[in-house]
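First chain A sits with chain B, and in the next complex the same chain sits with chain C.
Showing the complex of A and B:
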């Protein structure tokens, strides 16, 4: 309950408390293989559209442009190019991991060589001179990997 | 008012079950492409798309956007209904009637296995007065079942008879999650969930997706399937707060049904309909909906069931598909009722076909204890 500062007798809100609403999100074979490949081999897989040939990383089931089901997985590089980036100064606790990343940190969309789409992840760099669209980056993996997107520690700028 | 003409020209549904390995995006693609192929058309024949989703069930906000590729909406107009799929069908019908679109694809999906049913359905209630009491879909249904028993004298065996009938019908439906040959005794002895409701009075939590293609007269030439014309469509809502409602009186359904019957020119639904698919999320609901739909007189739902009229081979088979008791993909289930009605009037319902069915009713509900009802009448 929250009370009005000027009028302490007036009740204003009731909070939800620590709401508990857990999910187990389905991976499907595509995402399952994508995450397994990172965990077991520190390599990236994309999925290729049978019609337009675009390679989607991370993989999804349907190419929206062609309205085609995608199944063919192809390997792409662990290096790529920054297509969008930001330096986060105001972070928050990720409710699904409980991790609050110390600010500032770099975040980016990265197009891996061989892919047509961009994967989002962290960057090791907050240097405005180096952190640019077009910067070359390479994936750095965690030592202990569990089969999650957090098995990628971050991408390092290699220019 | 006579309706402008809109028809269901394609229908697709996945197999329903718990723990399906596909993502809901994959399930939507499966159902949508099945509906397009049933229609004898392709995504290029569709002018606009209606998706049906709910953020709590999907575990993400603006859940509609995550299925837009799977629904084929690249470069197309797309909008969303947050509620039962039957309301998605109603909205799709309106868009087709608007004159802006000749053909509409409606898709609905749910992966009930990803979240926690009781927590999600608790989330539909008012957070100040009701949620802290832990009320969910099943607890509120138990309260309604008890009210209905008090008003009509229907007993738990009557509810059990619905469960026996519908689970038995489900055995003939290859899409059903839980077709079962069971007895009244099996239902009566099944685990208590929330008295008077027992396990077999409650529908399962299912995963799956469904889709339909709607077309007006102008759009028909794009498709090859024989049209199932929508001859009547109406919906009506009751109070959100359960305590403001007479829980045993399906007054919103009565209003919706009467309006749909007037549009379709139906005076005696029990005689003039050949099949009905109603939203039996819990066994007792089917008896209440008989009354709301005017198939039985007030208080006589159980009597109608006992007469055998709604059994397969009866005067008006209700839920020949096995109904929601045999597969309950929340949000999808109302659209499945419509699809089943369409298959019946087309004569394409396989082993669950009602011989010679020409006119069928489909019913969907939204909100706790059937707060809002939608009714459609389809005709070959």
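Showing the complex of A and C:
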């Protein structure tokens, strides 16, 4: 409980303390296959809508536009194109880890060749001339992979 | 269509970076009392309450429960609505549905937020997918910087174009005693001079390239409340009720990566729907004033195009021509908009309320100089969701 020294009449406030409230989220079976493929083969899978033919990465069970159930997994490339991007420079605490996200870092939505949607990930580049819409990028994988999206270390600009 | 309904009262607290002198419940109560006073009603006249905020911004869930003394909802029907940035406009649309359904005659709509009570960027990140989106997400700033990158790439928009939107919003805010950011140094200065000053300023740091501090909205503590009333009741409460002509809301995707970043598909569809309902064919000519949820500068270019006020890529021209300034053909955000105050859950209520008071001719120093027959309010949130409400001086047919 803290009192404002400059204005002793101002109300007291408390902090929540170091909150500890971990969650355990369920990964869908399609997403599990997607991460397993990255972990074991360093390859990307999407899921194809049987009605409109759109290929979704990351995969999910329902095509929202057609409301069709999807289960056909198709391989897509580990290379693709930046559809939108930013270079994050301001500092903030990552709520998932409780530590400051290292800045600056490149972030982008990447449409892998063969996919219709884009995957969000880190870029190893903070050069404003290189990290831009339309840039070609390729996935760089971690040596030790655990079955998370961070098995992709980042994407690198290849042109 | 349902029963005709109108806005008959609006109240808000002054936006501030930190309202340490009040609790959330007390803040809500200030806005509700102001709205009731504006309509000349007592809490006993209210049949139902709709309330919303983003619970996890304060980390206290069940706002509908713990705020009930401040909201005036004790022993009344209370609904809570939370839809991200669109929360306030969704609350307003929900309150309108309550009245239009014929079930309730006078409904209170409340939005509020105390952003000072948590870290907004962290809170926003937890609203997104834990597997795919949280690891590299940088809250609203990162997401909107990505949005800007695409618009700038597609149409060659420049930093100066973005800054011109900021200048409009912040100059307008100087007319609004409730606006959070009051940039007194800008008062009375020429728009081009101010754009040059923002672009040249070394203090105007890059937050996430291409966005600088001046491109973003602030984090605000504030609450706001609206009162909706049914036809037959509304005319007795307000000398000039602001009639709801049409509402629309559109949600699209789960993940940001699913979006077509070259357009705002939900806003396009929602705007098209309300214009069709209200019989509006030429939005730029037929809409008299707008209160648009523009959380950052480039939205003031791209989303004007999405709504259909101009063609693709023509947003900068419309802006530089002064069309959207206070004395222009279509004044946008006489209040100073979201870039001058962003108390998330209240922000959409403020958009609707500010649009309503332009029709009711209660906007005081920020009243536009022309007759207002049609006013438009929008909300933006979540994974590019859109809410639109069209208000009119005349009852809808």
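In this text, the second predicted complex is superposed on the first by the 146 of 159 C-alpha atoms of A that agree within 3 Å, B and C clash if a C-alpha of one lies under 4 Å from a C-alpha of the other, contacts with A are read in each partner's own complex, and residues count from 1 in each chain.
The rule we apply is simple: contacts are C-beta pairs under 8 Å (C-beta built on N, C-alpha and C of every residue); 3 or more make two chains touch, one makes a residue touch a chain.
If you're wondering where the values come from, they're calculated on a predicted model, not measured in any experiment.
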Which of chain B and chain C A:64 touches, first, second, both or neither: both
Which of chain B and chain C A:23 touches, first, second, both or neither: both
Chain B versus chain C as contact partner of A:101, first or second or both or neither: second
Which of chain B and chain C A:86 touches, first, second, both or neither: second
Chain B versus chain C as contact partner of A:14, first or second or both or neither: first
Partner chain(s) touched by A:117 [first = chain B, second = chain C, both, neither]: second
More chain A residues in contact - chain B or chain C: C
Common ground on chain A, meaning residues reached by chain C in one complex and by chain B in the other: 16, 23, 25, 27, 31, 60, 64
Touch list for chain A against partner chain B, complex: 14, 16, 20-29, 31, 60-65, 67, 69
Touching residues (chain side chain C, partner chain A) in the complex: 20-22, 59, 119, 121-123, 125-126, 130-139, 141-142, 145-150, 153-154, 205-211, 252-258, 261
In the complex with chain A, residue positions of chain B that touch it: 20-26, 29, 33, 43, 56, 59, 68-70, 72-74, 111, 113-116, 119-120, 123, 127-128
Touching residues on chain A, where the partner in the complex is chain C: 4, 10-11, 13, 16, 19, 23, 25, 27, 31, 56-58, 60, 64, 83-90, 92-96, 101, 105, 107-109, 117-122, 128, 132-134, 148-150
